[in-house]
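Per-chain numbering from 1; labels A, B, C, D, E and F assigned in written order.
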């Protein structure tokens, strides 16, 4: 019976694969109903997915809140936490109200349906064809944690200068207009999934998407005052280290949970994830040691997060040792994106959301095309003689990049039309904690 | 077979319901033995409940320790952590020795039996009729984490001034004389449960109870020196934000675990919980923004905790969207309790245990009577045409409030009879860290 | 079917027991193949073990990183975190590449095989005879987290003065030459396991082992400058308290997970663990109160960790109330090891790795011989009329102690042969954060 | 002009500030300092180690005043900062030869 | 010699340092202080409680200079630290009777 | 009376304190400060950014002494704080016109 379930999971996740060859909505539909009929809530899968949901929530609060606030100056620590925290609350409500149904119901190529608005029709026994062994409510809240952290990630690029109210407006709009559609395209049966794009846990939907939006924001808001001149040394890096630890642990739920059950695929996803994070940290450490003469803690944690972001799309499709290679790639690519590319292009992506998540997400998504292994995820990549998968992945990257860039640009502009995006000079100097929230670290 | 188990779980938790109509101990007894006979340890439920136990423990250490210590001044940070930490250790031992058996064995209306003193008779295969699919030892330790955090919560009201030794004495006595009986009345087959009072995870037993005890303590100890005059700004609010994140995540185990199994009810409980927390945070933020001109981080996390405390009794009985409404109510009610009621009455509840947990717990318990939904928890509330449930809930609130207030008052007095409750003036000025524990943040 | 599985788990873990009477490799082999044939992946066990793995990882990052960095001076906080963090990344990769296969494959008395180098041959359905109900990849990564934290523990003894590069070299060598063999001897079917040595979750392999290595390191590196004279007060003890909370919670995965399934044995292990931690904290607190006049927070958390380390080898073999006794013993023994023995012998074990983990691990391992209970772990100890078990345990302690001491000594010397172990005077004064990593807390 | 430097107990700051305002002083600069003197410190215990902390937290006030205000200010501080217990602190009066308000360039008495 | 004590806005530190270097000053000591004056503070809100924070972060510079450099240095600081808004701070000049460089034992002008 | 202000390396504090006590000084006030001078700082690296930190941690001692003790105290500090390496710091002697012990109201020499 497990084997059966497991097979089914494969089917679901690799609709893509199936579709890749016979690209017809029909095929998909069939596959799905097939799933439906066979659906039954499995207690073990439910146990694991509840925990996975808690782990991914922990990635945002307190994980990401710590990771980010540990890299800013004292005067902005609380404001940085506030962004993650408020985005979590706001996007959770919006996701339950409208986001989920638009992303994960129906088989439309572009958007889902309105069948599940405000969870309408979701009862104790309801199951989604996309997660055939757990309650649909669990699938909804699990996916909610992904939506939340993606929005929260963007804040890192505009840290130290974006107005809190403008950030909230942007978050709400961006969730619905940028995140939701892409989630549907890649995971909800949309055109990218049908085209065979593989993204196990969010290389495109989460990381590339957030990285691009962040980059656009960094350009539109402009650099922080004193950028390049004044000392922007982090106030308390230990917060960032704690945050990285919680992110790393939480990522077990992020990538492992994307198997949607307590099965071997979840185990392999977690193994590849852990190895990629380790290699990413070691690689960044080694490079910095070599280039700068000293291995910084910030470097190690940056490498770990780079490895985690990069393995995300691949985790459930590749072998553990591929995780080592992908982690290595992540360390190298993201290191230079943060220490060279950023300087070269002159944008001020405060906490390197683009350099770490954008670049990492894209790299990982493409590498899935190289390493995808049939025995793990049911799909073969370049190494198994299916080179076209690389192109399919590239297609996914380009589409995500394009939509995220264009739509984010428009949204930032739209928000700035009715409220300034950036705090005034005086507030920026005094710090966001006091000026935006009326609080301060003593 | 799952459906079966699940049905059984319902029965257990809603003995109340059953009893509500045919109020006879017999009924209960029957129901229970019925359960017993059918009992069998389920590995998936066991897996989830072990994790739920870990999550609730994490709520106390480090969750609550952080949440509380993040709101005090530098000189009291360690002492505040010490209270949570010592309460955890002390109450765990007492619970295993005597608390559990008095609260969760037998069908006495007032107290349990002594059958399980020091876990006597609990073997590898023993199962409690109150948790028919997991080992009794697991049920015991799961409930232990509830007892621990309830006692630890009280410390917030007397923070910055209570002597450590007096707090330990109070904790031990309060656990046995206040917490244990109420737990039995509401969850252990006592008279409130038989009367049909619904409290899924502790609106009365945990939050209202702790809030009232705290309020009594705040009155008896008196306000902190300089209260209202000096600047009591928190030393490091970031600790409180981290703590809130861990509390929120841990609450999945608190409310979700109260379904005692990896089933849809746990999922619905978690969904309602997460939505209530989100709405609570957004509501408090909005109110503060409107009233004070700025949304503080402390406000957001206060709202989140208010939402979490308020949904607690309702979580396994209501629909997800009810969680939104309850979170909204929590935000409004607790906001005014902390910013107006406290000032109006002039008590110094240092960390607003009454304002957040007391008021929230009572509000939530009453709202269960309004929103209880048969399809979720097997019981109907006002909205489903069973208005009397509101009165039953009110009855539960009043009884808890009364017992907690009277007994707590007596216990504080009793302790003060042999050791002072409050540190001397000099120590309060120097700070509790150095004077009570001989340590300090450097 | 559960009962069956469960029986099997017993067999596996207590090969020891079996062997103790008929000491023949044959017996073992048979037992194992028996297991193998019957092996089948159980989804509930898999769900629990994935979470247990995440919990143990959380013990290292951020748990141990916080616990340790919270006890050092401001100038060394980040460097201390860096050691834990880098050890995690480095040892994870080495474990997957070579460590696991040498420790957990084959039935060699001294070392395992090379069959699983780089996870070769581990597929989705592969199961290890040592963990018959979960995927072998999960067993590998679960054990990986043990290897990681053991190496990270050692860093505490040489904190504040060891060069980062030297520490990395030592970590890699020590993992492979000290940890891996001992893990095989005690858990992988090696000679200690066959001799009947009982160590449920690592009293010898993890705690005694790390404590001895740390002690050797402390002697070889020498005391920190100003030791005994200058004020070495911890910079921010609150970090250590947070760390202890996460360690405690994570320990549920450490000891509970060592049952390798979601069963009653895991539950009993966790119960004994929690009670021992609580008693340890209370005991240390009481002793310090009595001896020093004040109960420090550092004392309470030290006692909790002492209780946790001491119960580790016993957790799956004893009754809950034994946990209370063992926790009490831990509190007393470790308290004097840290406050008297260390002074008397004059070594500078910076963070008391020997005093807490070394002494605790040894004490606990011996006490297993006293309290082992057949109904829990399938083996009887002194109290059940099997006194020889105490000697068997002693044998395990002596062998571990000897190998760890000798090999660690040689490795420290070996590393010092090509790179200095200790930073120069100037760097030690300026602090490791700036001199080793080019960063600092502002 | 004089620079009045006072070392006081931290919890007395508000009182002293009010006292100064009441004698017409509207500017001052404070520093968190540590003081060593007759007042004995406390002992901190960290596992095996005990440390006697002799340097206690104090607040250092600097107030530049015109010649004629000196005594009034010194008295105001003494009165407000006094608890009568060891550790109350000191007041030192130091000559200022020149003072400038950066914003306006005003000098001496006008600068205060 | 004189001890020039300047209270400035924190974000002006780099500018002032550069200005001093450009007039040949290569040594100074800075302290994080809090200042009270005309510049009004902000309000912090913590649940029920509101606190007006009147003491604002400032940087205090101490520069020992030879008699003849005094004016040049004072001017350099005034110019570099000035924003024209309330709160720019003050400069006080105090006499030094003796100075020693600990490392060499050099005294007075040579010690700076 | 004189106010002796010394800037020293932090790890020398204990030695200097002992030296002062041994010459009969039982009171002082210390401040954590940052110093800029000949001693060159270190570089901190945060991902793409490198910062040269020129302001190094120092301890500032203030000791009010009676006229006649001045030299003895200055010598005691110089001797105790000296490492011979760049960055050892400075000692400045400044006149005090008046001193008060807040607790007793004692003035001048008696106040110390």
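The rule is simple: a contact is a pair of C-beta atoms (placed from the backbone, for glycine too) under 8 Å apart; a residue touches a chain by one contact, two chains touch by 3 or more.
What you see is a predicted model, and the numbers here were worked out from it, not measured in a lab.
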Please state, in steps, how far chain D lies from chain A along the shortest route of touching chains. 2
Steps needed, at minimum, to get from chain B to chain F via touching chains? 2
Please report how far chain D has to rotate so that its Cα atoms sit on those of chain E, a copy of the same sequence, as a value between 0 and 180° in steps of 5. 120
Comparison of A-F and B-D by number of C-beta pairs in contact, larger one: A-F
Need the CA-centroid distance for the pair chain C / chain E, whole Å please. 54
Rounded to the nearest Å, the gap separating the Cα centres of chain A and chain B is 34
Any idea how many Å lie between the Cα centroids of chain C and chain F? 47
Which positions in chain A touch two or more other chains at once? 42-44, 47-48, 51, 233-234, 242, 292, 294, 296, 298, 438-440
What positions in chain F touch 2 or more of the other chains? 31, 44-46, 94-95
Touching pairs - complete list by chain label: A-B, A-C, A-E, A-F, B-C, B-D, B-E, C-D, C-F, D-E, D-F, E-F
Under the touch definition given earlier, write down the residues of chain F that touch chain D in their complex. 3, 17, 26-31, 62, 64, 94-103, 105, 111-112
Of all residues in chain B, those that touch chain A in their complex: 2, 42-45, 47-48, 51, 55, 73-74, 233-238, 241-242, 244-246, 248-249, 252-253, 256, 261-268, 270-271, 274-275, 277-279, 281-282, 285, 292-298, 300-301, 304, 319-321, 324, 375-376
For the complex, give me every residue of chain B touching chain C. 41-44, 46-48, 50-51, 53-54, 57-58, 60-63, 65-66, 69, 77-79, 81-82, 85-86, 88-90, 92-93, 96, 118-119, 122-125, 134-135, 137-138, 140-141, 144, 164, 239, 242, 436-442
Of all residues in chain F, those that touch chain E in their complex: 2, 5-8, 31-38, 54-55, 58, 60, 70, 74, 77-78, 81-95
What residues on chain A touch chain E, complex-wise? 226, 229-230, 429-430, 434-435, 438-440
